[in-house]
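Structures follow.
Look at the two complexes coming up: chain A is in both, with chain B in one and chain C in the other.
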Partner chain A sequence: MKDRLELNSNAIYLRRNIFNEDVFSPLDIFALINDIENLTLVFYPMSDRLSGMCIKESQSKIIAINSKQSYGRQRFTTAHELYHLFFEDNVKRIICEKGMGIFKSDSEKEADIFASYLLAPYDALRGYIENNRLGGGQNWTFEDIIKIEQFFQLSHQATLYRLVCDGYIDNDKANLLKDNVIQRAVRMGYDDKLYRPSSEEKQYFSTGEYIKRVEELKNKGSITNGKYEELLLDAFRTDIVYNPGEDWKDLYD
Partner chain B sequence: MAEFLNVDQSYISKFETGERRIGVDILEKACNLFGCTLKYFEDEKVKYAPMSIAFRANSLQAEDLEAIAEINKIALNMAFINLMLKEKVDIEG
Partner chain C sequence: MIEKIFFDTDCLSAFLWVKNENLLVKLYCGKIVVPEQVYRELSHPRTPQLKQRTDTLKQNGAISVESIEIGTEEYKLYYRLLNNPEAEFKIIGKGEAAAIALTKIRGGIIASNNLRDIQKYVEAYKLEHITTGDILWEALEQGVMTEEEGNIIWANMLDKRRMLPSSTFTEFILTYKKRVILKKGI
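Then we have the complex of A and B:
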């Protein structure tokens, strides 16, 4: 299995070379991922056994995210799947389990560590802790943890897991910091978006290459209107097929 | 598997032993699950890359197979779209 240092380097490589981002900033992963050519992102409400899935189909890449997970966890899953697609050889289709921890395969563990470092590189987390003078981890309050996860937009579980792995806090301390996260975060003035799943109308959704190419086929007259609609509906884009009216009114502000 | 395909378990066993033939609709559903095309069943030369399930596969339930099949369907469509676009380029080019 790759060590953490190498996975951190992989994460920074992707930040710099694919996303054109520095090592310290929080990452708007869903905005940046649109820039990756040949990638389609699919949101689908899966059971809580699955976190996501990725598929390579010749040049095309597909990432599917369990939209019932919290927004923070969806960001983490996206980063996890990027590891499979960009840093592993011979990937065809991988279906990923939701849990975190020691019972996973090496490839899954690597993808989890990579995801954590992509969203919050080693030096970025360290810098944040030093700049905010948080001091030694064992003295941190619940609020300190929330500040960290809100800054990097990491799920609460992923944050605690990372802080334990990097040696800031121990497992006993982490176990004391698990309950009533939303309540505490909103009272600190944060939006609860990080901790909530996708809204109902976005639980089935897709963006990226697939949609673009279907439009291309239609514009070239290569497919019938029926096929065009079928392809869009298969990718859960009922909005394009049925509703190109009122919903698409621009604000231009 | 039987639950996902919405058939009786004995139907699958009979298909496996060759006692029964399988309907195209069921075969299509199975194709979506395994991420292959119907052509795979018709043509021995078509290769199949099995999917990698990153955990104990027996903990998957019918609804998980449903989710996997729906995502695989999108990937199969993507392959179709790429092929159509390539053919178009070949003809025009």
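Then we have the complex of A and C:
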């Protein structure tokens, strides 16, 4: 299994060379992923035990995310799947289970560690802790953990897992910091988006290469409008096929 | 005497979106056939209202949902249309292919808005064809709705990005009348 240093390097490589991002900033992964060539991102409500999956077929890459999981977890899963697609050989189809920890295969453990470092590189997390004078992890309060996860937009579980792995806190401390996260976060003035699943209308959705290709086929006149709409509906893009209503009017502000 | 009318997704969805499927019921009750492939396209998880309205029509006996059995003539044509269309023909969707295959083999009329797209298929298979505009014209002729109501329905359909040939129903009526005059050679 790769060591953490190498996985952090992989994460920084992807940040710099694929996303054109620095090492310290929080990552808007869903916006940046649309610029990756030949990659399609699909949101779909999967079984509770699954977090996502990825498929690599010749030039095409697909990442599917369980949209029933929290936004933070969806971000983490997307980063996790990027590891399979960019840093593993002979990937065809990988289905990823939700849990984190020792019972996973080496590949899954590596992808989890990579995902954590992609969203919050080692130096970025250390810098944040130093700059905010959080001091020793064993003295941290629930609020300190929430500040960290809100800054990096990591799920609460992924944040605790990472802080334990990097030695900031131990497992006993982490176990004390698991309950009533949403209530505490909103009382600190944060939005609860990080901890909630996708809204109902976004549970089935897709972005990226597939949509661009369908538009190209239509513009070239290769397919009928019926085929165009069928392909978009297959990708859950009813918003493109049908005007969904007043709520979807463009805001130019 | 109108025979069976095989609806494509775009034509039926145009009426379902604007909640005016009652016009179809008044004009063609019991004659409307929805190919299974079209029904599936209308059963999309993000548009449950379309499925709900289609199911109500089905339960009331106003429409029937019909499938294409493997090995039948309909299936052979459906398969060919989807997988091996003529070189100069555009690639068509499953709903369109099913409506064409059923109309051709079982006999009847195909209802589809994408006239420009499927014109070659309509001509090649000598299909009788109607569009949403034709249906609204018939509704007007039979006194099922007024021109003003037609214009509202038309505008609502355009708002749902349904493909219609003109910006208003009134404008459509004018071109429709011209077409009829030309056809009759008056």
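Keep this in mind: the second predicted complex is superposed on the first by the 248 of 253 C-alpha atoms of A that agree within 3 Å, B and C clash if a C-alpha of one lies under 4 Å from a C-alpha of the other, contacts with A are read in each partner's own complex, and residues count from 1 in each chain.
Following the convention adopted for this analysis, contacts are C-beta pairs under 8 Å (C-beta built on N, C-alpha and C of every residue); 3 or more make two chains touch, one makes a residue touch a chain.
Note that the coordinates shown come from a computational prediction; the quantities given were computed from them, not determined experimentally.
Chemist: Regarding the shared-chain residue A:Leu160, is it in contact with chain B (first), chain C (second), both, or neither?
Modeler: neither
Chemist: In this superposition, which partner touches a larger number of chain A residues, chain B or chain C?
Modeler: Larger number of chain A residues touched: B.
Chemist: Considering only touches as defined above, state whether A:Val241 meets chain B (first), chain C (second), both or neither.
Modeler: Only chain C is touched by A:Val241; chain B is not.
Chemist: So, does A:Arg49 touch the first partner chain B, the second partner chain C, both, or neither?
Modeler: first
Chemist: Quick check for you: in the superposed arrangement, does A:Leu233 touch first (chain B), second (chain C), both or neither?
Modeler: Touch partner of A:Leu233: chain C, not chain B.
Chemist: In the overlaid three-chain picture, which partner chain does A:Ser222 touch, first (chain B) or second (chain C), both, or neither?
Modeler: It touches chain B and chain C both.
Chemist: Given the touch rule stated above, what does A:Ser107 touch, chain B (first), chain C (second), both, or neither?
Modeler: The answer is first: A:Ser107 touches chain B but not chain C.
Chemist: Once chain A of both complexes is superposed, is A:Glu201 in touch with chain B (first), chain C (second), both, or neither?
Modeler: Second partner only, chain C.
Chemist: Could you tell me which stretches of chain A are touched by chain B in one complex and by chain C in the other?
Modeler: 217, 222-223, 231
Chemist: Using the touch definition up top, name the residues of chain A that touch chain C in the complex.
Modeler: 201, 204, 217, 221-231, 233, 236, 238, 241-243
Chemist: In the complex of these two chains, what residues of chain B are touching chain A?
Modeler: Its residues touching chain A are 35, 49-55, 59-61, 63-64, 67-68, 70-75, 77-79, 81-82, 84-85, 88.
Chemist: Spell out the part of chain C that touches chain A in their complex, as residue ranges.
Modeler: Its residues touching chain A are 8-10, 13, 17, 41, 44-47, 90-96, 112, 114, 117-118, 159-161, 163.
Chemist: Report the residues of chain A in contact with chain B in the complex, numbered from low to high.
Modeler: Touch list, chain A to chain B: 40, 42, 44, 46-47, 49-50, 53, 55, 57-60, 62, 64, 91-97, 104-105, 107-108, 206, 209-210, 213-214, 216-217, 220, 222-223, 231, 234-235.
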